[in-house]
Amino acid sequence: MAKVVGFGDLLLRLSPPGYQRFLQATNFEINYSGAEANMLVFLAINGIPTEFVTRLPDNLISDCAMAQLRRFGVGLSHVAFGGDRIAAYYLEKGASQRPSRIVYDRKHTGIATASPEDFDWNSIFEGASHFVFTGITPPLGPNLPGICEEACREAKRRGITIVCDLNYRSLLWSLEDASRTMRQLMPYVDVLICGREDAAKLFGIETPASADGEDTPDPAAYAAAAEELTRQYAFQSVAFTLRETISASDTIWSGLLYTGGKAYVARGYRIHLVDRVGGGDSFTAGLIYGMLKCYDPQHTLDFATAASCLKQTIEQDFNLSFADEIELVVSGEATGRIRR
Amino acid sequence: MAKVVGFGDLLLRLSPPGYQRFLQATNFEINYSGAEANMLVFLAINGIPTEFVTRLPDNLISDCAMAQLRRFGVGLSHVAFGGDRIAAYYLEKGASQRPSRIVYDRKHTGIATASPEDFDWNSIFEGASHFVFTGITPPLGPNLPGICEEACREAKRRGITIVCDLNYRSLLWSLEDASRTMRQLMPYVDVLICGREDAAKLFGIETPASADGEDTPDPAAYAAAAEELTRQYAFQSVAFTLRETISASDTIWSGLLYTGGKAYVARGYRIHLVDRVGGGDSFTAGLIYGMLKCYDPQHTLDFATAASCLKQTIEQDFNLSFADEIELVVSGEATGRIRR
Amino acid sequence: MAKVVGFGDLLLRLSPPGYQRFLQATNFEINYSGAEANMLVFLAINGIPTEFVTRLPDNLISDCAMAQLRRFGVGLSHVAFGGDRIAAYYLEKGASQRPSRIVYDRKHTGIATASPEDFDWNSIFEGASHFVFTGITPPLGPNLPGICEEACREAKRRGITIVCDLNYRSLLWSLEDASRTMRQLMPYVDVLICGREDAAKLFGIETPASADGEDTPDPAAYAAAAEELTRQYAFQSVAFTLRETISASDTIWSGLLYTGGKAYVARGYRIHLVDRVGGGDSFTAGLIYGMLKCYDPQHTLDFATAASCLKQTIEQDFNLSFADEIELVVSGEATGRIRR
Amino acid sequence: MAKVVGFGDLLLRLSPPGYQRFLQATNFEINYSGAEANMLVFLAINGIPTEFVTRLPDNLISDCAMAQLRRFGVGLSHVAFGGDRIAAYYLEKGASQRPSRIVYDRKHTGIATASPEDFDWNSIFEGASHFVFTGITPPLGPNLPGICEEACREAKRRGITIVCDLNYRSLLWSLEDASRTMRQLMPYVDVLICGREDAAKLFGIETPASADGEDTPDPAAYAAAAEELTRQYAFQSVAFTLRETISASDTIWSGLLYTGGKAYVARGYRIHLVDRVGGGDSFTAGLIYGMLKCYDPQHTLDFATAASCLKQTIEQDFNLSFADEIELVVSGEATGRIRR
Amino acid sequence: MAKVVGFGDLLLRLSPPGYQRFLQATNFEINYSGAEANMLVFLAINGIPTEFVTRLPDNLISDCAMAQLRRFGVGLSHVAFGGDRIAAYYLEKGASQRPSRIVYDRKHTGIATASPEDFDWNSIFEGASHFVFTGITPPLGPNLPGICEEACREAKRRGITIVCDLNYRSLLWSLEDASRTMRQLMPYVDVLICGREDAAKLFGIETPASADGEDTPDPAAYAAAAEELTRQYAFQSVAFTLRETISASDTIWSGLLYTGGKAYVARGYRIHLVDRVGGGDSFTAGLIYGMLKCYDPQHTLDFATAASCLKQTIEQDFNLSFADEIELVVSGEATGRIRR
Amino acid sequence: MAKVVGFGDLLLRLSPPGYQRFLQATNFEINYSGAEANMLVFLAINGIPTEFVTRLPDNLISDCAMAQLRRFGVGLSHVAFGGDRIAAYYLEKGASQRPSRIVYDRKHTGIATASPEDFDWNSIFEGASHFVFTGITPPLGPNLPGICEEACREAKRRGITIVCDLNYRSLLWSLEDASRTMRQLMPYVDVLICGREDAAKLFGIETPASADGEDTPDPAAYAAAAEELTRQYAFQSVAFTLRETISASDTIWSGLLYTGGKAYVARGYRIHLVDRVGGGDSFTAGLIYGMLKCYDPQHTLDFATAASCLKQTIEQDFNLSFADEIELVVSGEATGRIRR
């Protein structure tokens, strides 16, 4: 039986209600999320056993964070405890020409001060089929690159499929550090998910942008980039999310999957956004779901793309959509008619 | 003087705030509605005497439901009391590619267990000019088809105009039952409102759909269907709503009225939706309003279409728009400039 | 050092939450605003010293109104106290084809009953570089035209730049009164901001509208109008806001600045509206900001137009956007990508 | 058949949520109330036909105010329309040692500018058995004392029982004006309700207070005062509310009724307050209800006292309690055990 | 290792916010609860393995109900699916003299139509140490008494401790049915929890009440009643909750435990209530916790009483308090000083 | 002219609404506070010039914190910028026997990493008459004791009155560190405010507690302690807050002031709590206000005690009460009767 293990941070998200600016807020809507946690929630509500690994301070707020994951069925048996504080981020939702604003407060946290002995990977990976982490995890603390590598090594040893979403965040580390560390981890990775810009920045593999700096849906260019990446790191599959930002209220969203020497392209969705945060995470989670269900590559990609389309119509960071709802979109029912 | 009598169910609607999914809600916004009740609220706030007939359990929640209708001036002198519970439905509002979800909880209710003696139609129709019911009412309980027919018979006897919105709901009864029952009631009906799909399903009268299953604004086809329906059941008028669903956030909306052997078509509105529930009800209510005001057919249809356009920009199920606001839209002021 | 003085009304705004109609509201969201106050808030949060002059009753609600302005740094040292009540207005936000509705309750207020001795302009203008008022202020009370003229005279004497947003409100006075009074004040004004319709109504200077009554972005026509206005009143600059209302949910917004015998045109923004109230005020405030920063005319206009575009993506009447955010839009980053 | 007519003001109440101070509020909870309207709402929800007479401006906010009364079944067939604005008051709820604060904004309203021809008392009183007004109505405008007297005269002519709650408000008029006007109206009044302080101030009839200025439950003193009042004005009955304020959170509440030459005293309730506004109005409404139901004097008083006790456990100004609930309290079930 | 199995209903609770009456509510706060579910949530958040057994319709609302229990760690592996609807109840919170009102809507539900084959008790009880049910479960449907007996029989066979909270609800069945059914189940029960009134009604065992019908803390009388019950049914332990209702806002709460032929009495708490619902359930859960931890009888009772005291200071039905917090109260720290 | 300078931390407070536990919250009410900031807000809204000195990271959340202080008129000209994050604390409000819970997240903040050169005390104290800090400030970071001493030295040099609220927080430092540091700062202090327990812990000066560990209002014991403290450190005045915690919902509150060799005692208030946080800060702020107004010692103490009584009836940390409201309570009007 399959089980997916994720390793990363868990943050308290604080957002002004609706379209209020920070300056207008008298209360913050809260939820608890993180790139890998978001993926596991999606998998868990769709029936996949999961295990989320992180390190949290032992206080009442961490209890809330864990209760939120547990609510959706995510396994939490290997959470380590310690550190001064839980990570947080403030999100102000944008609209039209006004961009969303994020203020991070993720230093000095439980995971930032983790050490290798906090995690017993041998026991964690018991019964696991997939391991997923993102490029956000290594820069969280001085020991994190090493811990990630240790996890990868143990996963590799057990024949577990390793999935990595590249996700470069310039606020967390320099391009040099990111490039060096991620290149070191790539040999362990089986499935890589990335965006055009990150591939260029970290691996020097360029794909053409549109005139206004947006992703251009030119399958050939992405296929070539995926091929080149595969050549360098022997990935089993490489996937790209393809985004065209119209405004903070509307976006066009698609994806490409390169596997078995072939590129597959998904249809594009023009999305009237409810909450774009977690869009990329839900794409990765959708890919893992498709792999676990042994969908063929086109269906896997279509599922992942439709899943991440639906995510962006859902408030907060989790993709609380169900496989049957996603399949409906995949099948072409994407007009949002009432389901009674 | 005119008075409009409606007969149907009254439900508690429970909706997560904004675009939350059910799983995210910690409170539900509530209102009380029902197809016929929605129509009467619109008529009442626009000065038309109304009477809503239903059966409700005698408890504090029914009191709330009635207070809500009374607030807008709907007459409630003939409500019957009894039964275990009030009907409810849960509505999760969709967005973009994510459809709205509805969970019904309308069995075992006051009206479901009604019997003919609960309603004294002779007294109810005192002073009435119109009687309206929808295809939702007959399947609510075993005695309901009979009660509807009795009401129609009495209305007919008094020369009251009978308006029926076909409104087939597959969750309430089978196509066979619906077709048989509604065909039996049609001879009483003067004005029929229906959608393309329902006409096909219940009466076997097909009109062409667009490639993606949406209504196609082909007036000729609808006019032919209306003509055929009129031929079969001797309707005074037949009206169609014409909808094209772009997404859960946007729709195109229009209507067609066939009367006096002639078809009238309304302009179409592209609507950025606030709440689409009750759109069809408001179209029917607009037609009744136009008939009561003796508008000519084109104006009647234009009024009904503009009314139902405005409804979909208003939260919850009632069409809380006023005739002067609707006439402004009819006159071409449909750009939503601020009115001071 | 620059300081901007504004003179006008301060109102309590009462709005149903979200897209509720008045009839649906059980609470009103509140804020305190006014055309000139809105401008000063924008300037104050962007580091410009400001002074807001008005007259308010001496009660707890006025305290709230002033605390709200003080919060953003607006100077309040010259507020006069007296009168029975604070002004209020009720705003119901429209959507799609449904227009916003405003009910004013601004009679019998503190400022409406002001007298010349309430304001010591000599002391108020100490250290000021700009004085701004709108066409809303003179009609607020019988003494207001005189007070406005006195303020203008004193400002002129001191060489202060006088900025006037024409802003004709038919609910406050007749066209005749408005035309006569505003024509009398124009000789003092250095910078005039107006809309196409107001220029036509008050000064008889016509510019062509589009077929559906919207502003047409024909720079030549506006330039000609500006030139004619400048000829008549010796303005230093004349600016027009150019608006095309698509619906209550979407608008197209641009502007034109005529100065030094030359017309400058801004790019147009298609805005998915959050709250359109205060759009014009933020354009004027943006112009003042550009003038204070000695931007060249094109940049001044671009800044003002982008500022007022962002305003309309922000809840309530204040333009709580910052110069660096506006410059980003001016620079072409108008797609609302997340800023971390 | 009985019908109760009330004449007075209708106000928009604006309150910060919970125990927020005005300075903390970002939204106001709203409801629409007024002393006489409050009474009629209680009577209407308990099955008594009612008619509320007032004058309101013809705008969307008045529509909301009327919808709120209509919701509870209050008759509104004789409302006059006109004037600039609807009255409003701001209420900040106190707690413990912190008193509630009220800011009135009730000048220049529809009723303040009413004239005698706005009300056709002959038609209004058709079928009425009781007329109720309070000492708040006469000072609302220059014509109001005359209009009140005209109403009383017509009521008297028809043998309608006239009920008056003395309710002196020092913000509305001077003691001299109040005393002169109310003394002039007293000869028409059949049932007078008043507090200790008002009786002393307006009619010079003193009753002893407790050491800290609170009402002292000395029945003899109140009975003597009532007797003296009855001697002077030939009242049918006189009732006193007896209050002992412990804090803004707790109060002791009782009442005394003098009728037929005898004084009746109610038990006292120590109330943990939810909202004390409307406590006096609900006492008067309870007395009217008891009179209409022909309860004996003790039961009438007990009902009125229990009704006003329950009111103070209910949010906002209306006494939304039902006769069966009140009788339960009267019968001694005042411990608030859950009713399933 | 211990595991506690509970069997009963799961309801959607719908409550107006704060102290609003039903008639005032525009939204309902929701949570999902049930007597046995409440107990298991408390045990689960305090580290005890649990399993909740019920039958639910297979729809989105049931998903929400289960997610809520899962969030707190309650096991849900044996939930049966089927039936038309989920149970609901409406709760209006009382205050001071105004009692809370409950409207039940728990007929025709999933559990009401359960049949024996829905539950495989042999598998359910795998690894269980305790089984708990209340007197609410048997009357829920025609097959429920039989199913309860079957569960008891299987539990007995396995030596599982059976705990029953008598909890008679007159809205669900007659006294005769209740008495007959519960007497039939008692021989299986090891630990009985009941109130004074229920013991009298169902088993004819009277204990003296105080003058006003409240529980009187006369340990001797309760001890005698417990002794008599133990004599009749061979209970291992019998516990009473002792309540004195001061008002809907304040209560006095205590308990008595009779075990090993000896009676233990807890200290009484005067509680300023936040939400009294679930008080009894939390007492039973506290007893089970004490038994599992092998506390001595006095400590077990003290823990249960303090736990149920804290519950009543917590919103909604679950006792979200932790063992360390309860022990603090047991130790005498019951003054609510801030814990930093 | 007087000006009060305060130096300390500014925190984001995150609280579940109402009486929700952390585990129940889906949003947090926010405000920005800190012991010294709280004091200055009170002084500022009562007309006293103030200056708040702290160090904050340069981000959008700090902007919100400062806007909140500016709103009430607090001077912010000397705020230093730097550091990773703003401090935060989570507050769960208790009720009855359930204590409030606080989780601090105040490490690694702007002020924690401040260095002496961030503050130019010479310029900061320009025009100041009083300097206030609390025992919370020194332990915030390694340089803070030194910075506090430097500020005291400069204040002393200028003859500024130094006020210190002892406020020992065991989560921030050990008793040893606190004792050593605070003893070192005491020689600078003119006015010391402390609680019984802190005086004992830090200075070894014991006063008798009541049997249950609460403050006992034994003036003689406190006077002796104050005398001893004055003897040791040559204070101008020493003040004690006297608290008796009844529960998380109710408290008894009083104070004692020792000055000029004489002890003054305030009346005690039994407070039904709205929010107890900031009670001590408001006492200190009240003392400063009384000193600035040159009240005699008894009036100064009465004012401070009444001020801090009112604070605890107000939501959140600021004492938003006005001098006239406080004087009313001082004068004996402490029953919370409505003020119109």
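So that you can tell them apart, the chains are marked A, B, C, D, E and F in the order they are listed, and the count of residues begins at 1 in each.
Just so we're on the same page, a residue touches a chain if its C-beta (ideal position, glycine included) is under 8 Å from a C-beta of that chain, and two chains touch if they have at least 3 such contacts.
The structure presented is a predicted model; accordingly, all values stated were derived computationally and were not measured.
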Angle of rotation relating subunit B to subunit D [CA atoms, steps of 5 degrees]: 180
Reference subunit F; chain at largest CA-centroid distance: B
Shared interface numbering between subunit F and subunit C [over half = same, under half = different]: same
Separation of subunit A from subunit E, taking each centre as the mean of its C-alpha atoms, in whole Å: 42
Where subunit A and subunit D are represented by their mean Cα positions, the distance between them in whole Å: 62
Per-residue overlap in subunit B, given as positions that touch at least 2 other chains: 18, 23, 26, 67, 101
Subunit E-facing residues of subunit F, complex: 18-21, 23-24, 94-102, 104, 169-171, 212, 214, 245-250, 276
For the subunit D and subunit B complex, residues of the former touching the latter: 67-68, 70-73
In the complex with subunit B, residue positions of subunit E that touch it: 14, 17, 22-23, 25-31, 59-61, 63-64, 67, 84-86, 88, 90, 92, 101, 103, 105, 107-108
Sites on subunit C touched by subunit A in the complex: 18, 269, 271-274, 306, 309-310, 312-316, 320-321, 325, 328-329, 332-340
